[in-house]
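Shared between the two complexes below is chain A, which has chain B as its partner in the first and chain C in the second.
And then the complex of A and B:
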């Protein structure tokens, strides 16, 4: 309960800072518009205003403060503007409409989920191989770890163009980037998880004369579950990031990344912010969903902490 | 066809050599542990080269490693210019600012239990978001040059660093803090002598996560607009010209920079947290 209150306080503080920041960020645009509308503005010409500090402008034109939260194309839209835009483009529009954020989010989500399934599937397979084969462990594992320090996302534009040139388009190139990003966290986490049973437990299974296969299904796999879920949560966030970035270099027309790009081309800041919030909400929902599955599974297996 | 057969042969030889080494009696030696992944890497490169040549794969799809190396060596001046624009100016300055701000913020937050309770869940949530998406906004605000890239990096590294540092500052046990109190240590004395050192493993964890994020942020931000220099710019324009050897050369450069950056932080960590169990082993 106390934590809840604290979180609310922090969120309220963030919103307050945001509203406050809107004033100096947007004041010049508001004053230019007001001057064109024939209102009295303190330094009368925009040329003088350009060289002035924003806070001086705010102090000189207190009447304009309220309008900094209502501008059409603000440099920084106020929170309520973003929320209105989100509401308008999700609830008020039909889901199939090209202007509905739900439609764009679903395009990105498809690529994310496909990539996530491919990436985690391959990742788990490789982890199983690494745990059971010493050669694979010693050859592949160092590279898997090193690859985490590399900005893999730089590969994204190339993957898309290469796949395009051999005739693969649509959801698959984005999914491959997503898969690639979620692959390595899962490998590293899963190897750690499959190795987590201690020598005592492994010895016990040996005294039962269990073979490798039984040891894997009855001991290693169950005890790797907490590690698996931790890396799945990292992996799905990375997958979403991959799908969004994968939409950038191709000039895709649908998807959250495409909305970001289109917004930045046409100066539609409110659209950028609402796409950003949609991506954030999507990421939050996906991670929360995995967290819920984790809780259920671990409880069912008697490992809930 | 010969090349493809040769590739299969090289692959099996490399694998055989590695399995001999890994299952042999010396497999716990440091040298062998280093040798096995190196052999694996070389095998992959040779097989890649042979397959690309043997199957006549178009350069547009996958250039051979030799071509990439050639391109890397011949365009070193361009690569260096891109590196200094993206990495030294954009990523590194943003990294220092973002991590520094997060560190100071963490110290401030740590004094209030209420703030910490509120900020940790929010920070954890934000750290999982696709923050790279703020790039178009920040490019709009700070212009096309490196300042906007640094800003993206600041936003990206801030929350992971904050969450790790705040968690680290909680690391000391009540017993240790009581001991400092019996020494009549002031807040700052016990902060610098006890709690900051105890938090170092966590801080370095945050710093290491942030190295990759910094490079990713700086490169992706350039996709939204940049001067005619920089790694992200070079990658997106070279992809447009189908000059894939240049793209790969740029990626090699990014990989080298990323690994060196990470390695440098890890090295500093090793010298500062030599007392921690994870470093002694």
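And then the complex of A and C:
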């Protein structure tokens, strides 16, 4: 109960800071609009106001504070504006509508899940290779690390162009970008997991003259499960990020990334923020879902911590 | 029962069958601080049906010697045979079961499935696996616990399950590396008693590493006292205690005398580097 209160307090503080930030961020826009509407503002012309500090403007025009939370296209939308937009574009819209965030989220989700499956599969395969072959360890691991140092935003358009030139379009390019981001945590986690059995466990198998295959299926793979799930939770979030980034350079018309892009074209900040929140909520749900599966599996395996 | 008494009689009649023979055994580990002589000029014969304890301070090579017998380490000099073969060949013949200090049961397997692990690896049939699990659970007095998971068992019971796992494929030699080292005194007494019973029933040859003098004296027919830097044997004591040993034998004068000799041996070995 006490921790619940603490969590609520932190949440309230974040919301309060957000509302407070909206005032200086949006005051110029509000005052410009008010001036056009014939209201009395201090100072009276936008030219003078442009060179003034925002806090000075707020102090001189306290009447405008409430309006900084109600603009159509604020620089920074207020929390309730984002929530209202989220509500309007999810619950109030048919999911088949092009304006429904559920529709866009589902488009992105498809690419995310496909990318996640590809990335996880590739990651596990690479990890198995790395654990069993010194050559692979030395040749693959450095490249895997280097691959993650390249900004995905720079790489994504190239991946799409290259794939387009060989005739691959649609969901697959997005999924590949998503896989590109998600395979790495799986490789790292699985390598650690497959190597987690201690010397005693390995010696025990040796006394049975067990071969590598048996050691893998009976000991290494089951031992790696806690590590795998930790990686999967990072991987799925990375997959979603990849899918969204994959939607940006194509000028896609659907998907959360497309929604972000469209919002920024038309200065629809509320739309951008609600798409951002939709992405965050989706990522949260995916991670939570994996967390639940993790709990179930590890409990069944007697490995719950 | 018959075969057991005959082998025992054989062992006592002075024509014992050597199971392990080590001659001038050396083992040097290369380390960053230069080579470490883990075993130096070790000569030892273990006969069939012996219960041999290895005792000594840490670094004396007692565990290393056990691991050499099990082909987990390979000597850099001298020879060792197990059942007349090299340790590697003996392992392939399933000559020994090994019990570590930690039970090391797989948490995702039930006790029965844990005991089946070596049987699965060695390719026993399903029916044979079930039969053997029943048998060894009986031997370690865990009958009825096959369906439990390791976390449902106490530390002592887990260690008994790990002994059952080592017994499952019916190796003649049981190698135990401080198997009760992590357990408290009362549980340890109980397990020692059980282990002696199990040894009497199965007539296995047992190699047992310990750092407890009473444990070594209580269990063994032969006590090997070792000392460190370099790891070597300083004394081999043939126990005069009868094979049948109730717990209160530890209060007898004979027991105290043997324990005294072990302590003397340990002290002598220790004096060298001081």
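In this section, the second predicted complex is superposed on the first by the 296 of 305 C-alpha atoms of A that agree within 3 Å, B and C clash if a C-alpha of one lies under 4 Å from a C-alpha of the other, contacts with A are read in each partner's own complex, and residues count from 1 in each chain.
Here is the rule we use: a residue touches a chain if its C-beta (ideal position, glycine included) is under 8 Å from a C-beta of that chain, and two chains touch if they have at least 3 such contacts.
Only a predicted model underlies this, so the values are computations on that prediction, with no experimental measurement involved.
Would you mind checking whether chain B and chain C clash or fit side by side on chain A after the superposition?
After superposition on chain A, which the two structures share, chain B sits beside chain C with no clash.
Between chain B and chain C, whom does A:161 touch in the aligned arrangement: first, second, both, or neither?
First partner only, chain B.
Could you tell me if A:204 is touching chain B, chain C, both of them or neither one (first, second, both, neither)?
Touch partner of A:204: chain C, not chain B.
With both structures superposed, pick whichever of chain B and chain C touches the larger number of chain A residues.
Comparing chain B with chain C, the partner touching more chain A residues is B.
Treating the CA centre of chain A as the corner point, state the angle out to chain B and chain C, nearest 10°.
After superposition on chain A, the angle is 70 degrees.
Using the superposition on chain A described above, determine whether A:260 touches chain B (first), chain C (second), both, or neither.
First partner only, chain B.
So in the superposed three-chain picture, is A:1 touching just chain B, just chain C, both, or none of them (first/second/both/neither)?
Neither partner.
Once chain A of both complexes is superposed, is A:219 in touch with chain B (first), chain C (second), both, or neither?
Only chain C; A:219 stays clear of chain B.
Tell me, in angstrom, the smallest C-alpha to C-alpha distance between chain B and chain C in the overlaid model?
11
Over in the complex, which chain B residues touch chain A? Could you list them?
Listed in rising order, the residues are 15, 18-19, 21-23, 27, 33, 36-37, 39-41, 58, 60-62, 114-119, 121-122, 125, 128-130, 132-134, 136-137, 139-141, 211-212, 215-216, 219-220, 223-225, 231-232, 235-236, 239, 242, 244, 247-248, 250-251, 254-255, 258-259, 261-263.
Going by the contact rule at the top, pick out the chain A residues touching chain C in the complex.
On the chain A side, the touching residues are 200-201, 203-210, 214, 218-219, 222, 300-303.
Taking the touch rule as given, give the residues of chain C at its contact with chain A in the complex, in rising order.
Per the touch definition, chain C meets chain A at residues 67, 70, 72, 91-92, 96-98, 100-102, 104, 106-108, 117-118, 120-122, 149-151, 169.
Can you name the residues of chain A that touch chain B in the complex?
2-3, 5-11, 14, 75, 134-135, 137-143, 146, 148-151, 153-155, 157-158, 161-162, 165-166, 233, 237, 240-241, 244-245, 248-249, 256, 260-261, 263-264, 267, 269, 272-273, 275-276, 279-280, 283-284, 287
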